[in-house]
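Quick one: structure below, then a few questions.
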Amino acid sequence: MTKLLAEYQDNEHIDSFALIKTAEVRLTKTGKTYISILFSDRSGDLPGNLWDAEDNQIKTLVPGKIVRLQGVKGSYRDQPQVQITQVRLTEAGEPDSPSDFMVHAPVKESEMNEELNDFVLLITNPTWNRVVRKLFSQYNDLFLRYPAAKFNHHNFSGGLAFHSLSIAKLAKNISNQYAQLNQELLIAGALLHDLGKVIELSGPIATQYTLAGSLIGHIALVDEQIVLAANELHFDLQSEEMIILRHVVLAHHGLLEYGSPVRPALMEAEVLHQLDELDAGIQMMTSALDKTDSGTFSDKIFGLDNRKFYKITDQD
Amino acid sequence: MTKLLAEYQDNEHIDSFALIKTAEVRLTKTGKTYISILFSDRSGDLPGNLWDAEDNQIKTLVPGKIVRLQGVKGSYRDQPQVQITQVRLTEAGEPDSPSDFMVHAPVKESEMNEELNDFVLLITNPTWNRVVRKLFSQYNDLFLRYPAAKFNHHNFSGGLAFHSLSIAKLAKNISNQYAQLNQELLIAGALLHDLGKVIELSGPIATQYTLAGSLIGHIALVDEQIVLAANELHFDLQSEEMIILRHVVLAHHGLLEYGSPVRPALMEAEVLHQLDELDAGIQMMTSALDKTDSGTFSDKIFGLDNRKFYKITDQD
Amino acid sequence: MTKLLAEYQDNEHIDSFALIKTAEVRLTKTGKTYISILFSDRSGDLPGNLWDAEDNQIKTLVPGKIVRLQGVKGSYRDQPQVQITQVRLTEAGEPDSPSDFMVHAPVKESEMNEELNDFVLLITNPTWNRVVRKLFSQYNDLFLRYPAAKFNHHNFSGGLAFHSLSIAKLAKNISNQYAQLNQELLIAGALLHDLGKVIELSGPIATQYTLAGSLIGHIALVDEQIVLAANELHFDLQSEEMIILRHVVLAHHGLLEYGSPVRPALMEAEVLHQLDELDAGIQMMTSALDKTDSGTFSDKIFGLDNRKFYKITDQD
Amino acid sequence: MTKLLAEYQDNEHIDSFALIKTAEVRLTKTGKTYISILFSDRSGDLPGNLWDAEDNQIKTLVPGKIVRLQGVKGSYRDQPQVQITQVRLTEAGEPDSPSDFMVHAPVKESEMNEELNDFVLLITNPTWNRVVRKLFSQYNDLFLRYPAAKFNHHNFSGGLAFHSLSIAKLAKNISNQYAQLNQELLIAGALLHDLGKVIELSGPIATQYTLAGSLIGHIALVDEQIVLAANELHFDLQSEEMIILRHVVLAHHGLLEYGSPVRPALMEAEVLHQLDELDAGIQMMTSALDKTDSGTFSDKIFGLDNRKFYKITDQD
Amino acid sequence: MTKLLAEYQDNEHIDSFALIKTAEVRLTKTGKTYISILFSDRSGDLPGNLWDAEDNQIKTLVPGKIVRLQGVKGSYRDQPQVQITQVRLTEAGEPDSPSDFMVHAPVKESEMNEELNDFVLLITNPTWNRVVRKLFSQYNDLFLRYPAAKFNHHNFSGGLAFHSLSIAKLAKNISNQYAQLNQELLIAGALLHDLGKVIELSGPIATQYTLAGSLIGHIALVDEQIVLAANELHFDLQSEEMIILRHVVLAHHGLLEYGSPVRPALMEAEVLHQLDELDAGIQMMTSALDKTDSGTFSDKIFGLDNRKFYKITDQD
Amino acid sequence: MTKLLAEYQDNEHIDSFALIKTAEVRLTKTGKTYISILFSDRSGDLPGNLWDAEDNQIKTLVPGKIVRLQGVKGSYRDQPQVQITQVRLTEAGEPDSPSDFMVHAPVKESEMNEELNDFVLLITNPTWNRVVRKLFSQYNDLFLRYPAAKFNHHNFSGGLAFHSLSIAKLAKNISNQYAQLNQELLIAGALLHDLGKVIELSGPIATQYTLAGSLIGHIALVDEQIVLAANELHFDLQSEEMIILRHVVLAHHGLLEYGSPVRPALMEAEVLHQLDELDAGIQMMTSALDKTDSGTFSDKIFGLDNRKFYKITDQD
């Protein structure tokens, strides 16, 4: 019973523990009640319908719960699903920590934390260094546990840190190749650029947009945090240092139509935007190709204009 | 010598006082130095070239200075200009206040200030009222004297207040017609929406973008001011009241491609955006048609997709 | 049995009279015949499927008929529906007027008619006044009973008049605030702008596009009507008065891509276009928020770029 | 002195009669008056400046006049121009008919008139035939003498007829190849589609937009004419015949953003639109390549997205 | 049993031979296996589901097979379908050639071949003639049997030749009307422009994109073929003849966003592009209107911006 | 006389050798002949006008010639220019090699050649390695001396190699960070992607588009070269290796509207496209900021949507 959901073959009998990620009560066309459940463990998601659901099932089989799932693996419209034969909440002695059933970044939190600290050391400008340190002392935990998005790229626990640190790595390498780039401004921007997501999103499980997330958005939210930090540290908001740090973060979506209120007007802002797109793109392609057989095309990738990508034959 | 620049006819001899708005030293194709000057008084602008400029003229005839201008009115490429015969700084006993030579809003500062106070009284929600009052106690003077833009609409002294108060009037009328609109939220948004311009722009004379204006923009700047005010007043940034006040202001450009980081997601935010466009549009058309003869078309209006507008024959 | 369809709770037994708005005969995947019916009363619409439909049901349960509907209220894919237990045509003594089951404008026809007459009195220009009066003497009834659209905004009986009169009210208020606007041209435009809909659409019940509606469109159709009226009144089509009246109406969609053959080139044409958008937008948001709980977001609104709008908590 | 303007070589002395097409009085930068004149004969246009213009020259050298022009051919910014040595109005015994100096369609009016009549005979549907005949009995002369546009394609005398008849020819050929096309509807559409230009434009010399042209546009204007003709002929505007005839004409710009209030929804409407583009495109390319040397690229063609076209080496 | 699939009425019993075009094994929501089959003969396609499919049915009822199909004709979501009662592979003595069950171009292969040869004779330029002949000697068979597309226009056996020859016919006629067009270049372009489809697509049955089709596309593929042919014939790739032949083919999609790497820069390239659109458009409209009743609108046509087209009443 | 053109101050007397890059003979408005010359040395360009040019100057002062230039440095419309006092061809004993007066890549040809060889060694796939080696044995010299563009980025001698090798460096670093990328495919793509420019452009001096460049474009031209190389090496064009190598090169502009006939459909193709944009962007910004004072904004950069970039104060 230690098999992961993704490891079962078609038509194989499933008997595993799983986290309920979403659960929606629906009617069939002919009026019968069922629950459409998204089961999940660290190998990914598997949907299934519980037919003729009873009232106490409707009440207890809710998002965040861990269950023992039994059934048969099949597929519906080319997507895997489970034909449920039985599902119940776990009991004493069985697994009970949601965190064990979530997809995690491929690097441990502690390692990411060390990386973060190493990058902060590269920021020698005292204004930038203190703003960055103040914000990470405040939001360190959330930074390490939050996803980078609800859908699209890096939508797993730790995704925010994993994505931000990947960009910081790119920033470090590229500013070595191009000496004209201000390395520490790039790194500060890489670490801060998506930090507003810890206010925009509800958390790593059943991720939703908060009200502030919907109505203000993570770009204005991280700017708010930088402004408040600078205010508390008594830094002058009209100084060039503060203005360009905020600019690099505000402009990171690159285009106004992607939600940045200003377009990049510093070389570092333009480069940070491009590195953000590069890392997000690679993560989306990698994640899609991981589920694709060699010599075939992936599913359409929403965040890349619905393109399908081909997996080279000998590249397994 | 009391005639205004716009009152002279073609080929008439000019002898008036004027403010130098811009002055650029250039070479002719054959290498001679001249100064391209934009003269201005409260009737508008008039360009002219000072040929064979001498060094002390280059040093003294600079933006912000008041001069006595003599010459002949002509036109170049369909635009009025002056053929300068003489130009010198004003002397003791002659006019010396730049403010007397600027285009002003058609309403007095003191009246606009009263209107502002009356509108603030309509905001009975204590959170919104205190934020608005705090910001206007801080920026009242600049609000009453700044233009609303460098070019385009309301680009005159007092334009910021004149534009904001016009929208507030529209907001008041329209929320009377549509009872479903929250009048005080609309009015608070109308008053605050462009307040970031007092940081974005350099002031009413020879208006330029500040560094913060170019790299952060007036939308994020007014949000910064609201955040700092709320912080000082100990209001909760996560409360619905604060979130929707910020939203209404952040979303007022309506579309991401116009620089709002979020699109309107409140009925009041959508309406404020539309009233902003309506007032700006009417001001641009009015200003263009003021210079147009009945029965003919105006110049192209940049802010309205370069359309020309027709002035109805009997509408003078 | 006086309860309206929208007043039933989930799982409650329904027993009400209703109008059949649409009825489509379909096969299940396994080949059985059923009728997919849209029931309707003045509280809104409710879909339901009549399984194993018999031939005489297929013949009699058609759009425009009034039925007694019995069943249970449920939902399918988050949309309310009814599980039909019985449905039959009404009999003698039961309701038989489709008009009683339609959604109506929130103002009575007679009141709207008075408002219309009041607005016509404000049009003192004799050419415009006579054209407007001629057309409303011809189309008064249809104007008061037609919807303003098949979908989107004001798609209820009387919607055309309700929408046109709202804009006329806005026009009157706004031309009071901005004296440079020609009030009577704006009002004439407001009343006429959508009048072509009485030819474009089939009527208030089961609204469809007519052939002329599909191939010519309401903008060219209202222009046709103005041209014919002017012709009969012996007005000169080359006079400025006639040209600008037609222009204001032809340009009211604002952009070529929205179907206006010319863009607004009169201040009044631009303002009329913006007021049209403002009123349509407010109506769509109001209608969506009426079905939304406080503190949550509405469904996506098609006519507003599929945005969802938030309903403020204390705004019930 | 029989040489045409286009036949002179660079640096050759010019002595020819020419029509003044446009004449604008301007100031040099140093304030001297000159007239910028566009001379023209049936070989094309040639601009030149008359320096130090005297008052009586300003009064007499105006558009529509025929002059004797003397000077030297040169070029300014890669465009041919004339260095004027002398210019005066023609005297008794010298040419005096502007029509002799205009660019004309490459086919005679009388031939085009015959072609027109032949095409009308192909329209056997009595409704369409009578509408077409009524309109051409009314506008025959203007149709044969007007240009098809102010700029862009077919902007010469007779261009409207030349363009419309070319499309009718294409329509005839193509409906022979594709039997599913209604030939007479296509031909009626080809003849009528641009007829509104006789109201939209001021005429073949110094062509301007009329007020109706600017505010209503040739598409709604031709629809107006068809409606009035049908009205006078007592045809039913709601008949399919009338609706589809109007549709074919209204939709001929193909896209809403090009000014058609409806997109083509008949096979014949779509085909007419494409033939219109085809003929206009070929005319623009031909006209540009006529001025281009073999083996080089033409100037940019505004109406074809500013593309330059290459002239094949052996294709003279 | 000689009836074609399209000839059966609703509810009529079907007993016909058919080709299996696609066959997908799926699960019902409740987990039962069925095969979703697309049956086809030269009258068109008909989908149906084989419920409770057995293993040997799953193995044998695959694309390309001919079967005897029994069932009842019905419809599902407005699309015709068959309720299968029995389906089995054909036996000895019954039809066995897939080609007999495919939709074919309305002209015979042999006739199209003759037309092709006639057109090649019109290409007298020896370079173009030899390149065209070389490629058609190589790809003649595929050219005559391939469809012109997977979906959209001319997606039937022989569609590639039928479409290319229609354009060649248009090219011949139009270059007769406009003498300035190089007829043989146009014809060579018409014949070659889509020839890359024989590499891009898998063939006339169950048409798929090949790997080269997906990753290189038919435009670069036909260019590759022309380059290789010219190389083998020892023609100079830098000669104007070769450059313009390749250009006409490379640019035939007209716009970069439609996949041409260069926009048309020869009059013939622009015209070829427009003729391609014209023929494809007419074919799509014809095909949609063939399935439409007079006086009603067709289904939306994907390749024409999802427009619906109206079928004129008397046009059957 | 060893000073470079860019080293002179305003108003300083110039006496230097320079290359004539472009020379156009023009007329003044008053009809006098002058030559508009672009002088150039390895510090950049400097325009100047030679007034009252004589015939033998017009004949000898042509692009590619080296001259001794004397005059005074000034500026015209904010751009530096020279007021020429004397200019003559260089004589025996004075400089005569155009190459000494061109802007060169900041790395020597020999070093770039070594780098190129090192990168080729990293391509171990024998198909890709042999195609790359074949093409570089053929075009090595041109690759090292050509610019990467006529305008925009890397428009200097050696720019093609400098740009391609920068991308190869990025490719190497980034495929170290992301192990899922195929490093050798990325490097092969980086080296080949712009190689078609050696056919598209005329060379490093007075760079123009060739006929093949204008009508076919560098993307189809490099594909042509790969196809011919593969053909000669007897590689199968249908093999996955050849298809994906061509794809990576064909797709490198990323979007169809930028001239790629296919969009990236391999992870490596997408990444190569992004690295191309990154390097081009950094080069354009660096080049603009090199001419910008700290604390001010650069000129608009055409290739970056006409944005201006700010130069940080302490970043000299």
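By written order: A, B, C, D, E and F. Residues from 1 in each chain.
One rule holds in what follows: contacts are C-beta pairs under 8 Å (C-beta built on N, C-alpha and C of every residue); 3 or more make two chains touch, one makes a residue touch a chain.
These numbers were taken from a predicted model, which means no experiment stands behind them.
Chemist: Among the remaining chains, which ones contact both chain C and chain F?
Modeler: A, B, D, E
Chemist: Spell out the chains that contact chain E while also contacting chain F.
Modeler: Both-contact set = A, D.
Chemist: Just going by residue numbers, which of E-F, D-E or B-F has an interface where over half the contact pairs are the same as at D-F?
Modeler: So the equivalent interface, with over half the same contact pairs, is B-F.
Chemist: Can you work out the whole-Å distance between the CA centroids of chain B and chain D?
Modeler: From the centre of chain B to the centre of chain D is 44 Å.
Chemist: For chain B versus chain C, what separation do you get between their C-alpha means, in angstrom?
Modeler: Spacing between the chain centres: roughly 41 Å.
Chemist: For chain B, which residues are shared contacts with two or more other chains?
Modeler: 211, 214-215, 240, 244, 265-266, 297, 310
Chemist: What are all the chain pairs that meet the touch criterion?
Modeler: A-B, A-C, A-E, A-F, B-C, B-D, B-F, C-D, C-E, D-E, D-F, E-F
Chemist: Over in the complex, which chain D residues touch chain E? Could you list them?
Modeler: 166, 169-170, 173-174, 177-178, 180-182, 185, 240, 244, 263-267, 270-271, 274, 277-278, 281-282, 285-286, 289, 295, 297, 304-305, 307-310, 312-313, 315
Chemist: Spell out the part of chain D that touches chain C in their complex, as residue ranges.
Modeler: Per the stated touch rule, the residues are 211-212, 214-217, 219-220, 223-224, 227-228, 231, 237-238, 240, 243-244, 246-247, 250, 255-262, 265-266.
Chemist: Would you mind writing out the residues of chain D in touch with chain F in their complex?
Modeler: The contact residues of chain D facing chain F are 49, 51, 72, 74-77, 81, 83, 297, 310.
Chemist: Once bound in the complex, which stretches of chain D touch chain B?
Modeler: Contacts found on chain D: 26-27, 29-31, 211, 214-215.
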